[in-house]
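What follows is chain A paired twice: with chain B in the first complex and chain C in the second.
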Partner chain A sequence: MWDQITLLFKDYTFQIVALGTGFLGLLSGAIGTYATLKKESLLGDALSHSALPGIGIGFLIIQSKELTGLLIGATISGLIATAIIQLMSKKSSVKFDSALSLVLSSFFGLGLVIMTHIQGSPNAQQAGLDSFIFGQASAMLVRDVRLIAIIGTIIFLLVIVFWKEFKLFAFDSDFGRTLGFSGKFIEFLMSTMIVLTIILGLESVGVILVSALLIGPSVAARQWSNKLGVVLPLAGAIGFVSGISGTIISSIGNRIPTGPSIVVVLSIFVIFSLFFSPERGMIVKRSIHKKQQKNFMKQIKSLEKEHGK
Partner chain B sequence: MTIITEITLIAVVVSIACALPGVFLVLRGTTMVSDAITHTVLLGIVLAFFVTQDLNSPFLIVGATLMGVFTVWAIETLQHTKLLGDDAAIGVVFPLFFSIAIILITRYTGDIHLDQDTVLMGELAFAPFRRLTVFGIDIGARAFVTMMIILLVNVGFVTLFYKELKVTTFDAAFAAAVGFSPVLIYYGLMTLVSLTAVGAYDSVGSILVVGFMVGPGLTAYLLTHQLKKMIGLTVLFAAVNSIIGVRLAFAFDSSIAGMIAVVTGIVCLLAFTFSPRKGLIQNSLNRRKRQKEFNEKIKKVY
Partner chain C sequence: MEEQKAIDIHQLTVAYDAKPVLWNTSVAFKKGKLTAIVGPNGAGKSTLIKTILDFIKPVTGQIEYFVGKQSSEYKEIKNHIAYVPQNSTVDWDFPATVLDVVLMGRYGHLGWFKRPRKKDKDIAKEMLVKVGMPSFSNRQISQLSGGQRQRVFLARALAQEAEIYMLDEPLAGVDMKTEHIIMDLLKELTKKNKTVIVVHHDLQTVEEYFDEVIFINQEVLNSGPVSSVFTKANIEETYRQDRNLGEEEDT
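This part shows the complex of A and B:
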């Protein structure tokens, strides 16, 4: 087993894929912190599903599987979907989650229509286009990892430069506006970061599971600290570790897809944090609750004695 | 009966069966919980298959439905801990179950007659070829018979518990005060949702089911204020959307369920824009009118 792992780390393909998924986990864990704080974590789910028609249309236009072209298509259709969701939930009595589910399924349906249409056409390059639905981390190339690294660095620089502003708007956007910060600009910057992170994850983790990468790390990290300065890097670290260990598991095991195994590792982090966090964990809370009950019973009994029943 | 008529018929039955519980999901604002259910029943289907070894077994449907109910319970429990946001709870639970299902399917894909693509995307085009025979007599396409039964169950539930559903949906606190149990009705509804999702997975696929559930209900919600009218409109839209969708899918030679989902989305967006009561245009007209009135009032005062 151990030999297998050391051998694995020397393997070139593995190094590329692990680096890619690790970066991806780091990025989405850190950026996802803003999404969960803003209570918009499911928006990521809708967004990733809505990217599918963009990928199909991008392929129809450029007639090749050139990643950048497909990702631009995905970004555009993701942004259109977000705009429709915001419009529906803000300008009418439609609830946010209804708008989410409607847009998610219609766009995904459109994606399927385009994909099945392409599959009927004679262009031989289309094979493997549907790997975007489940993701195919093992197909990652050096240039993909480079793309993730470049965009990731830009996003992290933005986070450092606008740290104060992002923090303010993640917690209390109204207060931010009253202080005179430009709400529209900051909100646009934040959602663009989230969209880009999701799009980068599409190829390796797939449309359906990429939102888990966004939500899981921050939920786990949130249990260990109340400070954004701790939660955000911790979420990044959890994402990074999950990305790499998921890749290791899928490389060692027989026929285990990478995306799902990353999600399973991530979920173990989440469950562990929810149970065992020293301050707010479920186990600590339960024991505090029991103690309080005991104390209360004691007080009642002593009162009973005092008043002679 | 030609193939296309039979496909249309199956599509209509599937759509109406899905749309009926969807009415209450839209009104309650729990559609994303149903999205989670439609993903996790996949794990139920796989696990139940390991036990029954038969994709056509009724126990498979029961087992998978139970997984849906378990999902609802897990999400609710997480939400009650207040350790994470309500939406994050949904986003944590379903990817885990779904991932386990995908891993199991990929690992044992040789042994199971289940592959990712059909389970997730479904294929209505093949539905008429999977026949159901009882004592050697062909009684129709399997998808049609299964979904017809599920549709009847849904209709039965909604008519029997109409009053309870109505009162718990619009005012849960009042319902609890008068002696109805909102929790029981909620779980009943969610059981139906997961039963329907299980029944629909091989024709529609587990991702699009949520669109079939939410779309027609949301369209009807935008057009009326009355529950009974809303249910009627929902059934109507479900049927019309799927008839148009099947025709278009044949014209473009593409995924049928996908096309129905697209038509559903477009129809709903049209209702959202043009609805005479709650539509986008009407709303902005109303706002302008109010602004004008307000301006005139202000002018009068000065």
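This part shows the complex of A and C:
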């Protein structure tokens, strides 16, 4: 087993894929922190699901699997879907959650229709296009990893430069606007970062699971710290480790897909954190509750005794 | 002798989706006074202060702001107005300490990119002392009670060291201790010639706490010193059932 892993780390393809999924986990973990704090994690889910028709239409237009073209298509259809959701929940009587699930599933359905149509077409290029549904990290190329690294670095620089402003707007955007910061600009930057992160994850993790990568790490990290300056890097680290471990699992096993493996590892992190974290964990909370109950019962009993006498 | 104005509103009409909320409203807020905005639910109290804060663009009308001698536009004096939103508008499980939140009041002075310095931290700590929470600096904000949250928000506004303070129902759901701390601090501000504007829901305490009162129900019905304007007739007129033109609104 150990030999297998060391051998694996020497494998060039594995190095590329692990680097790619690791970076991706790091990026989406850190940026996802803002999405969960702004309560926009569901919007991320809608965006990724509704990226599918864009990928299909992008392929139909350029007739090749050129990643940039497909991702542009994905971005456009994802943004159209989120715009429709916002519009429906604001201007019509449909509530936000209904609008969200309605748009999400109809775009996803449309995506499946287009994908099936493409599969039936004679274009030989189409093979493997459907991997966008569950993701196929093993198809990652060096230039894909480079793309993730470049965009990731830009995003991290933005986070460092606008740290104070992002924190302010994630907590209280109304108040932020009254301080003289351009709310539109900050909100635009934050949404763009979140959208780019999701789009980058589509190829390797797939439209269905990519939002787990966005939400999971920050939910787990939040359990361990009360400081944004710790939660955000920790979420990145959890994403990074999940990405690499998921890739190892799928490389060692036989025909185990990478995206789902990453999400399973991530879920273990989340479950562990929810139960065992020292301050917010469910086990600690339960034992505190029990202790309080015991003390309370003792007090009642001693009172009863006094009155009995 | 005419009193100085802090904010002068001329014929303001505000609408949400073509539904008018405030009609042809003209009113002035006096400098150095503690003013209550009073009216029933859906009367447009929050709308008025949100329009003053430029969250909502009015359909017609102008608002003049006086920080120095001359009238200015909102953009120019943004930093001189401190806003205390209702504390239910944010997520208190946000990973931040009390000091983090109060420091946000300094962000406007810092401008883009610059990080808070020791001087800003000192000011933030000083404001925490003022609201009676000096030992809470490093407390996680999710552990605060409703009254403490409101005091943290007030401390954040105080850290702005502004000229005009606008508070949206700061006394809603707070304990007596907090209510007294908040009102004492607001009074202290007006003694330094700062202007304080409060959306207020409790008619019982208007006479005790405020200098000026503005009655509002889709339009400004009466305004002036509490001693002369806060009368039974004016209250009844503002809260009359049929004022809303038969339409029931909720905020």
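In this section, the second predicted complex is superposed on the first by the 308 of 309 C-alpha atoms of A that agree within 3 Å, B and C clash if a C-alpha of one lies under 4 Å from a C-alpha of the other, contacts with A are read in each partner's own complex, and residues count from 1 in each chain.
Everything that follows uses one rule, which is that contacts are C-beta pairs under 8 Å (C-beta built on N, C-alpha and C of every residue); 3 or more make two chains touch, one makes a residue touch a chain.
The structure presented is a predicted model; accordingly, all values stated were derived computationally and were not measured.
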item: Partner chain(s) touched by A:209 [first = chain B, second = chain C, both, neither]; value: first
item: Which of chain B and chain C A:97 touches, first, second, both or neither; value: first
item: A:83 touches, of chain B and chain C: first, second, both or neither?; value: neither
item: Touching partner for A:222 - first (chain B), second (chain C), both, neither; value: both
item: Chain B versus chain C as contact partner of A:39, first or second or both or neither; value: both
item: Which of chain B and chain C A:297 touches, first, second, both or neither; value: neither
item: Contacts of A:7 with chain B and chain C, given as first, second, both or neither; value: neither
item: Winner by number of chain A residues touched, once chain B and chain C are compared; value: B
item: First (chain B), second (chain C), both or neither touched by A:179; value: second
item: On chain A, positions contacted by chain B and by chain C; value: 39, 222
item: Residue numbers on chain B that touch chain A, as the complex places them; value: 26, 29-32, 34-35, 39, 78, 81, 83-88, 90-92, 95-96, 98-100, 102-103, 106-107, 109, 116-117, 120-121, 207-208, 210-215, 218, 221-222, 249, 252-255, 257-262, 264-266, 268-269, 272, 278-280, 283-284
item: Residues of chain A defined as touching chain B within the complex; value: 36, 39-42, 44-45, 49, 84, 87-88, 91-98, 100-117, 120, 130, 133-134, 208-209, 211-212, 214-216, 219, 222-223, 254-257, 259-261, 263-264, 267, 270, 274, 280, 282, 285
item: Complex contact set, residues of chain C against chain A; value: 53-55, 78-79, 81-83, 85, 89-91, 94-97, 100-101, 104, 107-108, 110-116, 140, 142, 156, 160
item: Complex contact set, residues of chain A against chain C; value: 37, 39, 161-165, 167-168, 170-172, 174-181, 222, 225-228, 230-231
